[in-house]
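What follows is a short report on a single structure.
Letters A, B, C and D name the chains as they come in the text, with residue numbers starting at 1 for each one.
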Amino acid sequence: MSFDTEVGDIQLRNPLILASGVLGTTYSTLQRTYEAGLGAVITKSIGPRSRIGNPNPSVFALQEIRSVINSVGLANPGYSIFREDIQILNENKIPTIVSIFGENKEEFLEVLNGLKDLSVLAFELNLSCPNTEKGGTQIGTDPELVKEIVSMLRKETEIPLWVKLTPNVSNILEIADAAIKGGSDALVAINTLKAMVIDIQTKMPVLGFKRGGLSGAAIKPIGIRYVYDLYENFGDKIPIIGVGGIYRGEDIIEYLLAGATAVEIGTSLGVAYPENMIRFFQMKIKKYMKEHQFNSIKEITGGAHR
Amino acid sequence: MTKQTLPNDKPLMGKIITKELECEDTYKFLIELPIKAQRALPGQFIMLWVPGVDEFPIGIAGFKENILEVGIAKMGPGTEAMINKQIGDLVGVRGFYGKPFKPPQDVNHLLIGGGFGMTPLKLLTTTLLEKDSKQNIHVFEGARTKDRLMYLDWFQDLHDKDLITFHVCTDDGSYGYQGFPTVDLENFLQENQTPSVMYVAGPEKMMKAIFNIGKKYSNVMDMQMSLADRYMRCGFGACSYCAVDPTGWRICVDGPVFNTEQLEQISDFGLYKRLESGEKVRI
Amino acid sequence: MSFDTEVGDIQLRNPLILASGVLGTTYSTLQRTYEAGLGAVITKSIGPRSRIGNPNPSVFALQEIRSVINSVGLANPGYSIFREDIQILNENKIPTIVSIFGENKEEFLEVLNGLKDLSVLAFELNLSCPNTEKGGTQIGTDPELVKEIVSMLRKETEIPLWVKLTPNVSNILEIADAAIKGGSDALVAINTLKAMVIDIQTKMPVLGFKRGGLSGAAIKPIGIRYVYDLYENFGDKIPIIGVGGIYRGEDIIEYLLAGATAVEIGTSLGVAYPENMIRFFQMKIKKYMKEHQFNSIKEITGGAHR
Amino acid sequence: MTKQTLPNDKPLMGKIITKELECEDTYKFLIELPIKAQRALPGQFIMLWVPGVDEFPIGIAGFKENILEVGIAKMGPGTEAMINKQIGDLVGVRGFYGKPFKPPQDVNHLLIGGGFGMTPLKLLTTTLLEKDSKQNIHVFEGARTKDRLMYLDWFQDLHDKDLITFHVCTDDGSYGYQGFPTVDLENFLQENQTPSVMYVAGPEKMMKAIFNIGKKYSNVMDMQMSLADRYMRCGFGACSYCAVDPTGWRICVDGPVFNTEQLEQISDFGLYKRLESGEKVRI
């Protein structure tokens, strides 16, 4: 029995990947999380310039639904500074995927070109962040623009390009199709859902940016649905990576069965002891594979489509 | 209903029931929360939401049932907005977050701090005094001038009652001896060969200096320092903006209190921090 | 202090409305729920013909996130048979809103015309059910079609038309705008989110229809966000009715502050003792209004927009 | 971990560990669940998911720790698919749902049923027998023919041990007396003037007939009847497809067991039901 995972041409020691934006702002948290047993890690989304992001509160938990709402707003030091963190990850041989974003084509191009000389497993294109005024969701809901950006970046590098999709869309298949036509190497679903919390005592939106994105257990049934739909339509064409609300080994299996080749995990690792979570994930997957006589992760992928 | 601790949830709205000038530019607030909890541990902190303005980490100076004590030093717009709040106003509280000080038994407890670093040390003092056996507690506080000594009356009173020894100093000699707290601290460490543990909270550069002093003395069993010069967003370990290199420890959940062994591993300690953007800069 | 609520020209004794599809298949459950203290009730969505809906399992709870997934698929007896239930509600003076759906314009027209002689407070147009092959979401994500259907129905009746919006859309504002231009009297947000659950033991989708819609606590932050966005853009033009994940009086206040004129409650009333839930809602709203010195529901509406 | 009851959640996958022909076209299954629960109450039911086929309500015949007993009578594709399951196969269980029978103290307990209606009556018998004091239990079962008598051996055995009185009959006289259970029931009610409570589960038309009989006897303190001729989707009160008029009671949560006072109010009782579409039809 092996956890070995292939996402297109990329080999991973297991299908667990740290999702962008959680534990991903510094090389040291990325390295720590990888060393706790993940297959790869994804950086916080990196843009062309330093951004301080949105005012606080910008991340808090919604305990009753085991979820988190955030409006960090892509706070990041910009690619030219974050290069240093990536370089350390390179030196330490941490399989690193860099999430990049821009407000338009040119910015995406600038960031990619500013980082493509580094040893990067893949670039994940964040076309789907709901927490900025421009870019993000605006791009990720426009199939033309998605295709244009992906195909433009495709010409600049041999490094695999993953397109991260937003669930805040009328027809995710249309966007996925555009990403594939543009030359994407994998589809990642889903990013956070548009959400908001108002404090009834002060009558104020709680997030400093007012609006935010919902992640965590509440969105798992939504993520599963999108991965299932994507696999049904494009499973023979492109690997799909499942994200959203993974809290347990069982959830990982559910994503694999829905059609995921690998999974990304965010919110549930943003806790005091991510190491324990990762160990539990692995134990559970192993147990499941043994009980159900699976020898490889690949055999599980898409198992719910019959 | 009394909870073990407060839930990690959206801000819990608490009502300001007391506001007092504690020392120059620093106010003591009592905040009444709608939920009771068993206790807050010394060194833990909350995320304080000043509605419409900002949310930021604040150490816990005291907690009983559902009354939270904090001390706020004016730094910028957020703390200023808090200081402008009135009794009856609502503020949001998330927490309790972070790993506390862990005082061992049968040692001299040396609490060293300055500025708002005194807030966790106040709760630590309270906690130590609650223990059955008499504890050997020494508090070292320093400030530029008398008006900036936080909890001066509170600590002085405990000293006068012979419950603690209060080593107090000011740069200008307006209260206590003139000089830095490290003077009395080193005196103490030289004169007392019994095992001591140091608990430090204050500006990180000061803590680094104290750390280097502590290392010289073999009777210092451990140094526990509360790192507070880090930008925080979530407070519970998700965002990683508060992390230190090269360990990847987040001060919100792996700290804010770190012990000697951990501090040795944090190369950023006293030298670097990360800005809101994640950019690393000299402290 | 009064709970009196006006949704456009409609007067309600309070802002609590039973959402469509929960306790709404029979006149007797509708009447019972109204008598427990609601302001009005909405029937299960009624179409042109009898439909047995999707195979079971078609409704089950997701306990950890206090939510429900369903794929009932608009099982209903058709308007010509359901007329009888509405007639009894009329006789018993139950303020009834009838939810209607069709797979196309003609079917909507047929259903409306088949019921418009009855005493109906409003028709809620379900343009947003994710659990059918045709109609539903397909219509609700197309602004042109929304406008066309609403304006067509508008010509047929004086009875207020409410348009229920889907959150499974790239730009809800565009759809809302189309509904307003078509002559809608209120906007209702949100319907369920596309979702799915896979059983990892049998490797099967659990719902008989495979795919379903998520309701309950998990979707509240999403509903709040949409109501807030709608109010910000159209709050001066049209009343907005908030739905999604209301479990407590506090949630109702949150929707009102976000901009809702009234709210619909579904999942949380689908329990053993809906009467108790309704009583708790009312107690909490009363307490809140007293503490915050609100004299009317109207004063609360939109309070978070400042 | 032992729970009070099972959570209302997605189907819990249980493994079939026993499958036995109970009587013609009816099988007894023991299903091992992954969660322990304290108890199931007699009259409660589960939603049984036969993966890939259907989900439908099934009465609980027995429950201990995490072993659930059900009895499945072949009706159509769903029950047939269940009957075709083998030991080791997995099926989904949601529940326990519904309001149980509520036997009062110091009365004659008259349990009357037919077909799969015997399943809740089996658990009711078990529960009554667990009580400290000896209970006066009479079970009335009838069927077309001997092969269709459910739990015949089980009830006969209890009768032979003098723990219950088993009044058994068949239409064709192949077992017990020839005729309907109502014969012995009326005999009993006429001969015993002590207070009795009737618990009935079976086809609704039969129950309605028994209800009318029971009303004639002033020594019948209560009649508790389990309605099962209603289509169910959710099982926990959300969808309302199982509701009865004019009360709006949902048999999944307000029932399935209703008492005399309630049955009087249900005008649908024995007359009307709703189809999957919600359309109301004659039973």
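Just so it is clear, a residue touches a chain if its C-beta (ideal position, glycine included) is under 8 Å from a C-beta of that chain, and two chains touch if they have at least 3 such contacts.
Just so it is clear, the structure is predicted and the values come from calculations on it, not from any experiment.
Asker: Where the centres are mean C-alpha positions, what is the separation of chain B from chain D, in Å?
Answerer: 64
Asker: Provide the C-alpha centroid distance between chain A and chain B, rounded to the nearest whole angstrom.
Answerer: 36
Asker: Determine the centre-to-centre distance between chain B and chain C, using the mean Cα coordinates as centres, and give it in whole Å.
Answerer: 50
Asker: For chain C, write out the residues touching at least two other chains, lowest number first.
Answerer: 62, 64, 69, 197, 204
Asker: Does the chain-touch network form a line, ring, star, complete graph or other?
Answerer: Topology of touching chains reads as a line.
Asker: So which chains end up touching which?
Answerer: So, checking each combination of chains, I get A-B, A-C, C-D as the touching pairs.
Asker: Of all residues in chain B, which touch chain A in the complex?
Answerer: 7-11, 13, 47, 49, 51-52, 54-56, 90, 92, 94, 233-234, 236-241, 243-250, 253-254, 274-280
Asker: If we count contacts the way the header does, which residues on chain A are in touch with chain C in the complex?
Answerer: Residues in contact with chain C: 62, 64-67, 69, 141, 168-171, 193-198, 200, 203-205, 210-211, 214, 217-222, 224-226, 228-229, 250, 253-254, 257-258, 288, 303-304, 306.
Asker: Show which residues of chain C lie in contact with chain D when the two form their complex.
Answerer: Its residues touching chain D are 21-33, 44, 50-53, 55-64, 68-70, 72, 75-78, 81-82, 84, 197, 199, 201-202, 204, 206, 208, 267, 270-272, 274.
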